[in-house]
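Just so it is clear, A, B and C label the chains in written order, and each chain counts residues from 1 on its own.
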Amino acid sequence: MKEYVKRGDLVILIGVLVLSGLLYVPLLFSRGGTVAEVLSDGEVVERIDLDSVNEPYTIKIRGSVILVEPGKIGYLESDCPNGECVRFGMLSRAGAAAACVPNRTMIRILSANREKDGPDAVTY
Amino acid sequence: MAEKRYRTVLLAVSIVLLMTFGVFSGCRKEESAEFTGFSMDTVISVKLYGGNSPDSVLQDVSGIFTETEQVLSRHIESSPVSALNRGETVAGEKWFITLLSKNLYLSEETDGLFDPTVGPLIDLWSIGSGNEKVPSEEALADALSHVSYERVHVSSENITIEPGTVLDLGASGKGAVLDRVRDFLCGTDTKGAVVSAGGSILLYGSKNGSRDFTVAVRLPDGGTSDYLGVLTLQETCVSTSGSYERYFTEDGVRYHHILSPESGFPAETGLVSVTVVYPDGTMSDLLSTAVFLLGEEEGLKLLYGHQAEGVLVTEDGRVIVTEGLKDRFRLTEEGYTLEVYEGIR
Amino acid sequence: MKNGRLNARNIAYYGIAGTLAIVLSMLESVLVPYIPGLPPGAKPGLSNVVVMLLAATGQTAGLLFPVLMKSIFVLLTRGMSAFLMSLSGGILSAAAMILMHRAKLKSIGEAGIGIVSACMHNAGQLLVSFFYTGTAALIWYLPVLLLFGAAAGLATGIFTAVLLPHARRLAVLFRKESGSSFTT
């Protein structure tokens, strides 16, 4: 075994593991997000307040079926050749995202500080 | 050997650059540019999103404001409006003629209850000048005798008004400049914009990928950050007319700046503020004044006829929204009741 | 680039390598559903072994074949988006291998190269997904991808190290014609 794994390899392995761990940190601190957005071709087509969802329901968009539950959202089924989007599971954390790349759709949960920071304009 | 090293470094650098580019091109936080200033006798604020050169577009927009003021202002001697008021015939630019036509059309529609020739009245009351007082009956009668929209003659090329008539386009100027700005923006690569001209708002395009904008309605008699409620709207214009904006008080009575072409006095129709949402800026501005002058019942009918949406606030604390705004207006201030106007049955 | 020139003999060799990559990738897709807890986009990367062996024996021009052939296969089976993801991942991954071999670091072996190239492959796929979705929001996914990339890369790297002596012997047969020079 020793000839196959060299010292430098271990350094790289540990380095990547540490990097991955570091990138995980913001995820640990993110709480459940409130607002989810469904995007198609980069444009927001639905904005959902996950906290005010009482009954689970589904959204059909471009061949995929998205399931919306209280506090959670995720791809349920999809007709895309990958089927990867479904494997993301249900998202609930702020900042989380899932995408169906072939259909160019995406779900994301907005991070907390994007919420209400003031109106775009005031009319008087 | 040195050559090999060089190639290696080049390859590494290009990979890093490619990846950075990849990440940043995916980021949707757009370029934006802002500008706040003073023009057309009021505070202007412009926010632009997206596009390759928002700063240069900003400059052009600022230029449009200045240009429009040069045409509409009664304080500028050389402006076409001033020339008209002196009795000259003016060959107007297309947008100016359209603006006047809309003013006249609304005057006809309301049977003169709205009238842009209220110049003499406005000058008489001179609200905002500092030394206002309630005019005498004779002075009012005299001023009223000159008020008639029928004395304005607009052809496809030029305009004349009969002697003694004085045009004041204050009720539509802000909306008109918003239309000009919007038409200009359409020809640029700007993705979205929020423009405020003295409380009249233009919403254009989209901001950071979303087509929704939030517009707060200021609380009558409130401070700059006191809101009555918040509207969630997509590309359109919003204008408000209120009795709390400009007024003076004499002997405990408040006289506001929205003068009735009929009585010559500030309109007393039971309304405190009217906010109109309509894609055409000029019309949103005109309608907000007209609805205020007409009062609740006739005003709502007028909006319905134009398929315009609005929020009316009455003196007895009722907030009436038209049906189209039912799910788009959130009342945030206490002490008001919300009603929905569902149109003529 | 003197290594692995593209002459008739080499092309045949590389073509076989490419086909092998495709076969391994097919095998992989069959196995993937049975691996528990595998996040989307993460794959064992069996076909990478072929690419890594070519890189390790100095056949840099030949790397083109498995990468392109596999990507075209993906195009035919899973569509344009998957094709672009495979291509971009493959190119970045191959580039990383080339760089690491050129740097001639004694303390790093195929295992380390495997880890780095697997992570680069994932990065390439992530980049393409940014273009398709129009936002970089998926970057939250990077730590998961890196984790699995490290694991997969380690495995394929070790596997490559095991096969290397055999691959080298094969490459010797082409040494004279291709004029390649590599360290043994």
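Worth pointing out:
The rule is simple: a residue touches a chain if its C-beta (ideal position, glycine included) is under 8 Å from a C-beta of that chain, and two chains touch if they have at least 3 such contacts.
On a predicted model such as this, the values are computed, not experimentally measured, just so you know.
Counting C-beta pairs in contact, the pair that comes out ahead of the other among A-C and B-C is A-C. Innermost chain of the displayed assembly, by C-alpha centre distance to the whole-protein C-alpha centre, is A. With centres defined as mean CA coordinates, chain B is found 40 Å away from chain A.
Centre-to-centre, using mean CA coordinates, chain A is 28 Å away from chain C.
Mean C-alpha position of chain B lies 61 Å from that of chain C. Shown for chain C are the residues in touch with two or more other chains, namely 133-135.
For chain A, residues that reach two or more other chains under the stated contact definition are 39, 42-43. In chain B, the residues touching two or more other chains are 28, 209.
Residue ranges of chain C in contact with chain B, taken from their complex: 92, 95-96, 98-99, 102-103, 120, 123, 127, 130-131, 133-136, 139.
Residue ranges of chain B in contact with chain C, taken from their complex: 4, 7-8, 11-12, 15, 18-19, 22-28, 209. Taken together, the chain A residues at the contact with chain B in this complex read 37, 39, 42-44, 47, 119-124.
Those residues of chain C whose C-beta lies close enough to touch chain A in the complex are 38-41, 77-82, 85, 105-112, 115-116, 119, 128-129, 132-135, 137-138, 140-144, 146-147, 149-150, 154, 157-158, 161-162. Contact residues on chain A toward chain C in their complex (touch as defined above): 3-9, 11-13, 16-17, 19-24, 27, 39, 41-43, 80-82, 84-85, 87-88, 95-97, 99, 101-102, 104-106, 108.
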